[in-house]
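In the two complexes below, subunit A is the common chain; its partner is subunit B in one and subunit C in the other.
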Partner chain A sequence: MNPLLQSILSAEFGFAIFRVMTPLLFAAIGVSISHLAGTINISMEGTMLVSAFVGVLVSAFTNSLILALLAGVAAGVAMGAILSYFHLRLKADIILAAIALNMFASGITVFLLFLATGDKGSSSSLKSMLFPEVHIPLIKSIPVLGTIISGHNIMTYGAFLAIILFYIITFKTPLGLRIRAVGQNPHAAESVGINVNRIRMWALMLSGFFGAFGGLYLSMGYVSWFARDMTAGRGWIAIAAATLGGYMPLGTFLASLLFGAVNALAIYFASLQIPSELIALIPYLATVIALTIYSAQAQKKRHRKVEEAKQVGTIKETT
Partner chain B sequence: MKKVLYVLLAVLLALSVLGLATCKKKEEAAPGEKKIRVALYVNGTLGDKAFFDSAHRGIKQAEEEFGVYTKTIEGTYEEANWEPDLAQLAEGDWDVIIAGTWQLVQIVEKLAPKHPEKMFVIYDSSADYSKGGLDNVYSILYAQNEGSFLVGALAALITSSDMPKVNPEKVIGFLGGMDIPVINDFKVGYIQGAKHIDPDVEVLVSYANAFNDPGKGKELVLAQYEQGVDIAFNVAAETGIGLLDAAKDKDRYAIGVDSDQYILFKETDPAKADNIVTSMMKNVDDSLYRAVKMYIEGTLPVGEAEVLGIAKDGVGVADNENYRKLIPEEFRSRIKELEDKILSGEIKVDTAFGQ
Partner chain C sequence: MEKFLLKYFTLIRVIIAIGIGIVISVFLIYLTSQEPGFSLRSFLLGPFLTRSRLAHLFETASPIIFCGLAIAVAFQAKQFNIGAEGSLYLGAAVGTAFAVSTNMPAFIHIPLVLLIAGLTGALWSFIPGILKAKWKASELVSSLMLNYVAYFLGLYLINYHFRDKEAGFLVSFKLPETAWLARFIPDTRIHYGIILALVLAVLVYYFLYHTTAGYEIRSTGFNERFARFGGISVFKVIILCQVILGFLAAFGGMTEVMGIHRRFLWQSSPGYGWDGIIVAIIGRSHPLLIVPASFFLAYMRVGGRVLNLMSDVPAEMVMVIQSIIILLITAEAFLSQWKYRITVRQAERGGAA
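Moving on to the complex of A and B:
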């Protein structure tokens, strides 16, 4: 059999899908939760970058994984808080503010990296720590499934927990209810005494919280150092994944899984004798196709609803 | 009233800026004997552990030894900056302006005829001298294809050997940053070298389409290792560091690029360094040091391009303790033999550049 085909059908490929998916999923959850509150956070690129950087730096200087985790997450939440300050307090356009934050993150991380290490490219001169890999005792020994599911970085399992957490926050807590209310109709929410701005601030900080894990995974799981602009567009793909998933927990997960699979496929195809530009196109092409299918279906659904409403109207009129 | 105030303020500001500028000029002109001033323009940032860092090292060495004044300007990866930045340097008080990579060639070709009193050095690419008026431009090309031929041959020897960490499949890997001529020049030499040893060796080639995505670089090479690769060569700046990480995780072999990457990681990450069997050295530092030296001596061959290959120490295989420890004597002497054959012209290495 062709070695490429063999490797794609291998368990290792399934493993790679989850590995590639992890940062996308965290960031997509961050985008989703902010969108539910009506304030979409497109600064995931910057949030992940800052968290990735802070995590590496703190782990290198304190030798404590817990401190690095806390600091990285705090940095992500802070990014969300900064964005909410600009948008909610200073009334800046949230898209522009987020773009500014992304640029700021790219610059400040390189600057601080230079101050800390004297290097502007990567932190490979620092000895950073890594989040551990987890081998699940029983599942590990199942032939194919074991290789796919067991042995991932703890952050990958964290991503699955994050989806559950996202579901619980959104649908099982008063905060989630308010977030959705504020997102669907801020005026109605306000009329029943909900502080719209405060809820949105929480949503943006939560989005920074989730995004932070994506960044930490990039620099302390995926690889073991921070490199300039290492997010490399993952924050943007995450926005597409969140949109495709309808900003809902299961949808976001499935969309991220799809993008993970498509990216992994492109990576496995890369060694074929096909022009590399075509291979590089695969993930983006998949994004466009998926979004087109999604919006076509959404439109159909809307259309049907309108038709139904019309019918109901005509029935009422005739009676 | 307010308007007048604004105008006054603006005028004041403009004057102070002007004053500052003239002040600075006076300051710089003050010392009696004028030092030679060399500017290195980097169309990226330092810290890539490879190419640009090496260029910077070269002119710093020249500064220390010859007492010239040097400055490295980082133009970042923002292409829109490059032309205005270089134009400013050309108009400024510099004697030698060094700019690298094919991306800056056209800009230098435009500026050089307008500033005949300045000396321009292009490295890792060549100006098109048929355009004329480029008598003040010296181009340095590196025969990376020759160096890559050697590491390709080494990779082929290793994958067919019974060394530890080597699988029975005769497959070797190559990770390129982008599908562009300079990168492909490495690739062409690498493949030719491997086939020279054993025509049955298969070379898997992946491009990351990014120079700053180590995660993707790692993923690409993990996939290659999965397809039977046991040694892979990175030519992708920061993306390429991902290859070294993949080699560490899977415990396979890796080949470094530009600088001696074993030395770079020996201290901070010994486990990573141990798998780097050698590096294809592209001695940008030496070549720029040499260019400054020739400029001072007045022997800089301007108006032409010079190819630095194995012959002029432009490229080569990094010979360090790890190389001597991991690679059997037999293979090392084989590589040495090939090196001599390239030097004598017995082996002609193909190139990705149209000649």
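Moving on to the complex of A and C:
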């Protein structure tokens, strides 16, 4: 059999997809929840970076995974809070403010990394910790499936929980209802007494919360160190994944899975004789194509709705 | 005095934001440096102290002006295309490829190479433009993704087809001398690119504020619906400003290759596209203000480099400062209370008189 096909069909490839998908999924949930409130958070790149850094630093200095987790999550939430303060209180454009925050994250992490280790590249001199891998009893001994599903970092399973949590928050809680209301029509929401800015603040902080886990996984699971700009565009791919997934739980999950698969594929291709540059661009190109298809379809849907509304209107007029 | 404050409120706000940024940098330096006085001097005065650093200021500002102008045109139409980086990279790579594989007299070669680079950038930037105009695909996401695609394509082109294997590291062949932009100040690398940048700043200003197309771009940015009702083709405007953006960015990148490096040596994307966003924000998307904004950013950058060399404070401090400055400038409500109070006081006085 063709060696490429063979490696793609192997169980290890299935495992790699989930591994690659994990940070994307967390960040994509973060983007989705902020978009549902009508304030899209494109600072996931920076949020993940700060959380990844804080996690490594705290775990290295306290030797406590729990503290590292808490600090990393707090840092992510803080990023969301800063963005919401600048956007909601100080009326900054949310896109520009988020771009500035990404820049801030990129600078401050290297700045502090240098102060902490004397190195600007990575934290390899620090003894930071890793989140544990989980080998699921019984399932791990099932042949192919076991290899794919079992033995992942706990954060990967956390990502699945995060999707469920995202679903529950959005559709089963009053906050979720308000988030959706605010996102669909802020004026209507305001007229029934919802504090629009407060709901958006919560949504942005929640997006920071989810993004933080993606960052923590990167530096304490995916690899075991922090490196400058280690998010490497994942925060941006997450935006594409969230867009593609229609900002809904299942869609976001499937889109992240797709991007995970394409990225994993790029890694596999690279081991063959094809120029790595041409392989590396595949996921980004795929994102553009997927985004275009999605947007075109959404536009068609809008047109159809307008047409239907027009028809209903004419029927009413004639009767 | 108060009238003056009101009239130049936006500008004053920018200056205050910059001031706060510098105060924070002083604070950071005192917090981290063993010899804060010396470090501070290196950072703030360093860029002016030697001839080569002063030259460096101009060299650094030059590509930033091009990208700032590029982004400013898009921002004026409220298009959040951040694809200047990709257009610049791919444009410069294709321009380099063309320059090293052709031979002609300089007076044709130079403009032709610049044109080819610019057109490549324009074409590249046309993609998010058409996707946005036709299908409403977010230009933010698509231009960002295309940055990566452009980067890898450019890298592939240079590393696989135009690589100078004798150079010892991954760079392209050296450009033939007929495609060099001359350096006009001895012992520096200041080249004619900076003159082109200044000329373009005036041209873009004229275009935006004194032509119909420029007016259409600004109207679309001001109020898209209003522009539509006024008979402006928003479709055309979106495409036009994206194409201009790509052209200017790639043109600027090419001047950098032709004037400074004389070969393509960017193994990682140089980041000028992002710098363009920074100066477009600081310069409030006004082409003529892009120039001082670019020099300010260049000053911070050179200061950061001096700091890095001479002291124990890492240059990344500059990134922190510049992001804080941008946050403050984009925060519309920052100092608006103050403006409000002055306006009220003015109005009351007016009423009394």
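Everything that follows uses one rule, which is that the second predicted complex is superposed on the first by the 319 of 319 C-alpha atoms of A that agree within 3 Å, B and C clash if a C-alpha of one lies under 4 Å from a C-alpha of the other, contacts with A are read in each partner's own complex, and residues count from 1 in each chain.
Keep this in mind: contacts are C-beta pairs under 8 Å (C-beta built on N, C-alpha and C of every residue); 3 or more make two chains touch, one makes a residue touch a chain.
Remember, predicted model here, so these are calculated numbers, not experimental data.
A.B. asks: For A:Glu308, is the partner it touches subunit B (first), subunit C (second), both, or none of the two (neither)?
C.D. replies: The answer is neither, since A:Glu308 touches no partner chain.
A.B. asks: If we overlay the two complexes on their shared chain A, which of subunit B and subunit C does A:Glu277 touch? Say first, second, both or neither.
C.D. replies: A:Glu277: touches subunit B and subunit C.
A.B. asks: Look at A:Ser124 in the shared chain and tell me whether it touches subunit B only, subunit C only, both, or neither; answer first, second, both or neither.
C.D. replies: first
A.B. asks: Between subunit B and subunit C, whom does A:Val110 touch in the aligned arrangement: first, second, both, or neither?
C.D. replies: Both partners, subunit B and subunit C.
A.B. asks: One more residue to check, A:Ser10. First (subunit B), second (subunit C), both or neither?
C.D. replies: first
A.B. asks: What is the contact status of A:Tyr268 with respect to subunit B (first) and subunit C (second): first, second, both, or neither?
C.D. replies: The first partner, subunit B, only.
A.B. asks: Let me check the overlay on chain A: which residues of subunit A are in contact with subunit B and also with subunit C?
C.D. replies: Residues 110, 114, 120, 275, 277, 280, which sit in both footprints.
A.B. asks: If we count contacts the way the header does, which residues on subunit C are in touch with subunit A in the complex?
C.D. replies: Per the touch definition, subunit C meets subunit A at residues 32, 80, 82, 127, 131, 135-138, 140-142, 144-146, 148-149, 151-153, 155-156, 159-160, 274, 277-278, 281, 314, 316-320, 322-324, 326-327, 330-334, 336.
A.B. asks: Which part of subunit B faces subunit A closely enough to touch in the complex?
C.D. replies: Against subunit A, subunit B makes touches at 45-49, 53, 74, 169, 171, 173, 176, 179, 204-207, 209-210, 212-216, 218-220, 222-224, 226-228, 238, 241-242, 245, 264-265, 268-269.
A.B. asks: Okay, in this complex, where on subunit A does subunit C touch?
C.D. replies: 42, 86, 89-93, 95-97, 99-101, 103-104, 106-108, 110-111, 114-115, 120, 233, 236-237, 239-240, 243, 275, 277-278, 280-281, 284-285, 287-288, 291-292, 294-296, 298-299
A.B. asks: Going by the contact rule set out above, which residues of subunit A touch subunit B in the complex?
C.D. replies: 3-4, 7, 10, 12-13, 16, 19-20, 23, 110, 113-114, 119-122, 124-127, 218, 222-225, 227-230, 232, 264, 267-268, 270-271, 275-277, 279-280
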